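Structures for review follow.
Same chain, two partners: subunit A is paired with subunit B first, then with subunit C.
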Partner chain A sequence: MTFVDFFVGFCFLLGALSAVVVAFHPNILYAAVALVFSLLSVAGLYGALGADFLAAAQLIIYVGGIIVVILFAVMMSEDVYKNRGVGGWKGFFAPFIISVAVLWALLKLVNQANWPRIDVPVREHTVEAIGRALVGPYALVFQYVAIVLLAGLIGAVVIARPHYHEKSSGSNLE
Partner chain B sequence: MSGLANNLNVYLSLAAIFFGLGLLTALTRKNSIGIFMGVELMLNGAGLNFVAFNAFLKDRSDGWLHGQVFSLFIIILAAIEAAVALAIVLRFFGSKQTIDPDVAVGLRG
Partner chain C sequence: MSLPEFLSGINGLLGLQIPLLVFSVLSAVIVILLFAMPVGGICTYIERKVAADMQERVGPNRVGPIGILQFFADGIKMFLKEDTIPKNADRFLFNLAPSLVTAGSLGAFALVPFSKYVIGADLDIGVFYVMALGSLVSLGILLGAWASDNKWSLLGGMRGAAQIVSYEIPLGISVLSVVVVSGSMSMFGIVDAQAWPGSGQGGGHFWNVFHNPFLFINFFIYFTAALAECNRTPFDLPEAESELVSGFNTEFSGMRFGLYALSEFADAILFACIATAIFLGGWNLPFVDLSSIDPGIKIGEASLTPLIQTLLMMSVFLAKVSLLVFIVMWIRWTLPRLRVDQLMDLCWKYLIPISFVNLFLAAIWVWVFDGRSLLQLLGLSLGIGG
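Coming up: the complex of A and B.
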């Protein structure tokens, strides 16, 4: 039992438990904080798999950026401290059955399939290789993602700004 | 038994758990942000799958980093999605004073 084994087991338990909290906790703020820990565990597993650049990107973009956005949007949820996050048991039964069926099928697939794989993963520095891949075989996808990012940001600004021409007197975004 | 860190099933199982619980979160939350959190959880499960299969890849002839590049694009698209989702939530909160998706029935014909 080396340190990496212990680390992977810790990340597995942390990720699984915090994902359960995200799914079942009635308070949306606690669920958002649990989502931080599940994203952190994914970053740790990226590191354990030898993907150092992706671990850093996961930390910076997800934990540093998207979580801030989510917590900022949680502030607008007026019923954060009321326990109606999951929305009653009558609307909970069918999604629960569907999700448990999907989860059972995926776990059965994972534990029964015989993947063509090597025994020990290769753990090397990946930054230079990813950089060469982004300007080499993935250059077109890279440019396409840049255009999508630009369009998404412009669209976000257009959607979020108050539409003054709709109302003659004042704005409702006070 | 070759230890937890060199066992592919550990990573794939956690990715499956993320996907299943993210699906449950996205289907049952009565809150726009909760649905968004479930989608993020599912995207993380998919990215973890990509990176895990990439690390245990058998054929390393060309590049051998395709899974990591795909996972990087997933992260970028999730960031775009977060920006657009926050814009929609802001706009919706500005007009309805709530972010309950059950209130968003204005497009119902």
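Coming up: the complex of A and C.
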């Protein structure tokens, strides 16, 4: 077993275990922290596959941005000290069927796919390829994502800014 | 050439057969134990001495000559202190948080290019990786603050995370403008492009801070954002001692507190190192090319030239880093702390728009002048170098 094999196995195990914790831990703060480790293990898998840029992007976007925002939301929420109710088997019924169906579909896909076997770890300059793809064949999609982000930002500003107009008009009516 | 390869090269000269993995582990130990930790410790002493000088006091002067061993005594004290955990603290997160912060700041030292031969790992994504690891710091601060079960801690942690997430944007944009100019994200590639124009080495752009007027402005934006990223005054709101006791690390004692304090200094040194590498030319000096110096001293068959060049380059690099770290301390004892709204105003209303405009203009500069720096253009018009 080489070092890369060991590393990939470790990442799989860490990812799977922390995903279970995310799904079943009664405290939502711990679930959020477990999500960090799940995402870190995905970054580790990217790294092992030679996609160094993706691994760093995974870290900077998910761990640095999204998880911090999720933690903010969790810490601000009212019931963070209480354990969340996992209500009986009825709550598990539909998710169980869906996840078994997804698992079945994925396994079928894995069996059908023709996996190329590479013995030597490939180390290519992925950054340049990603950059060319983003401004070349995927330029339109890239711009579209930018518009979605802009809309999200404007929405956040509209929601967050103080409503001076409503207050002043209200006081005028009085 | 990375540090592990350099070490195994020496190993090959001596005729030993030790696998590369051993040297990778060894260089990690060298960088962390022999550089980041002691330098972080010495910085605590220098900080106190600088503060004392500015306030016309003597400062620490009991341990060793002029108190130089003070950090050693402090370290022993940290280890021996009782390690208290608040009764209602979340023990698991309380233990986890300091190590996350330390991992985030020490892990990035692997990418610091001390000289042409001494860099832990020369990744293609260099600066991007450094910024990605920095995100672990904000996570550690937030979780540690939450786990303390203390309202001052929580306020400090929330401030810290919001501040780091906001200031990461101008920091990233100013780094990106350097990447546009250098055409590379690897630390080695960026430093190599900043050689002196006439030397015939590397890209010959000279220091990126003088590459064009827009990068000059972005250097100051980088420096301001970096100060905020490592919670240094005037951006030390997360641990504002006049309002929040000690902020996010209030409840931490003993070595846990030590790890927080040390990683704060390690962060400051790291940002000074990155600023030196990407803006101030790394090991490059004006007029001289250090990699062409060859005193020709040999021991048996082995030439000592690479070793001497390495020492020269490291001295130049560390001299620039020390100057930046001194400026950081100087600012700390000069400027008052900002308010939270001023902090966010500065970031979102000034630094981010200015850095974006500079990035755009720097890209246009590269397009118009075909990537040449101001100095190269002057050299071309005078008919020398270039």
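Note that in this section the second predicted complex is superposed on the first by the 130 of 174 C-alpha atoms of A that agree within 3 Å, B and C clash if a C-alpha of one lies under 4 Å from a C-alpha of the other, contacts with A are read in each partner's own complex, and residues count from 1 in each chain.
Everything below uses one rule, namely that a contact is a pair of C-beta atoms (placed from the backbone, for glycine too) under 8 Å apart; a residue touches a chain by one contact, two chains touch by 3 or more.
All values derive from a computational prediction rather than experimental measurement.
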Considering only the touch criterion stated at the top, classify A:134 as touching first (subunit B), second (subunit C), both, or neither.
first
Counting residues of subunit A touched by each partner, does subunit B or subunit C come out ahead?
B
Please indicate which partner A:17 is in contact with in the superposed arrangement: first for subunit B, second for subunit C, both, or neither.
neither
After lining up the shared chain so the two structures overlap, which partner does A:59 touch, if you call subunit B first and subunit C second: first, second, both or neither?
second
Subunit B versus subunit C as contact partner of A:162, first or second or both or neither:
first
Do subunit B and subunit C touch any of the same residues on subunit A, and if so, which?
53, 57, 65, 72, 126
Contacts from subunit A onto subunit C in the complex sit at residues 3, 29-30, 33, 36, 52-53, 56-57, 59-60, 63-65, 67-68, 71-72, 75, 125-127
Sort out for me which residues of subunit B touch subunit A in the complex.
2-6, 8-14, 16-25, 27-34, 36-38, 40-41, 44, 47-48, 51-58, 60, 63-66, 68-69, 71-73, 75-91, 93-95, 97-99
Per the touch rule above, subunit A residues touching subunit B in the complex are 1-2, 4-9, 11-12, 15-16, 19-20, 22-23, 28, 31-32, 35, 38-39, 41-42, 45-46, 48-51, 53-54, 57-58, 61-62, 65-66, 69-70, 72-74, 76-78, 84-87, 91-92, 95-96, 98-100, 102-103, 106-107, 109-111, 115-123, 126, 129-130, 133-134, 137-138, 141, 145, 148-149, 152-153, 155-157, 159-160, 162, 172-173
Residues of subunit C touching subunit A in the complex
21, 90, 92-93, 96, 123-125, 128-129, 131-136, 138-139, 142-143, 146, 154, 158, 161, 165, 168, 185
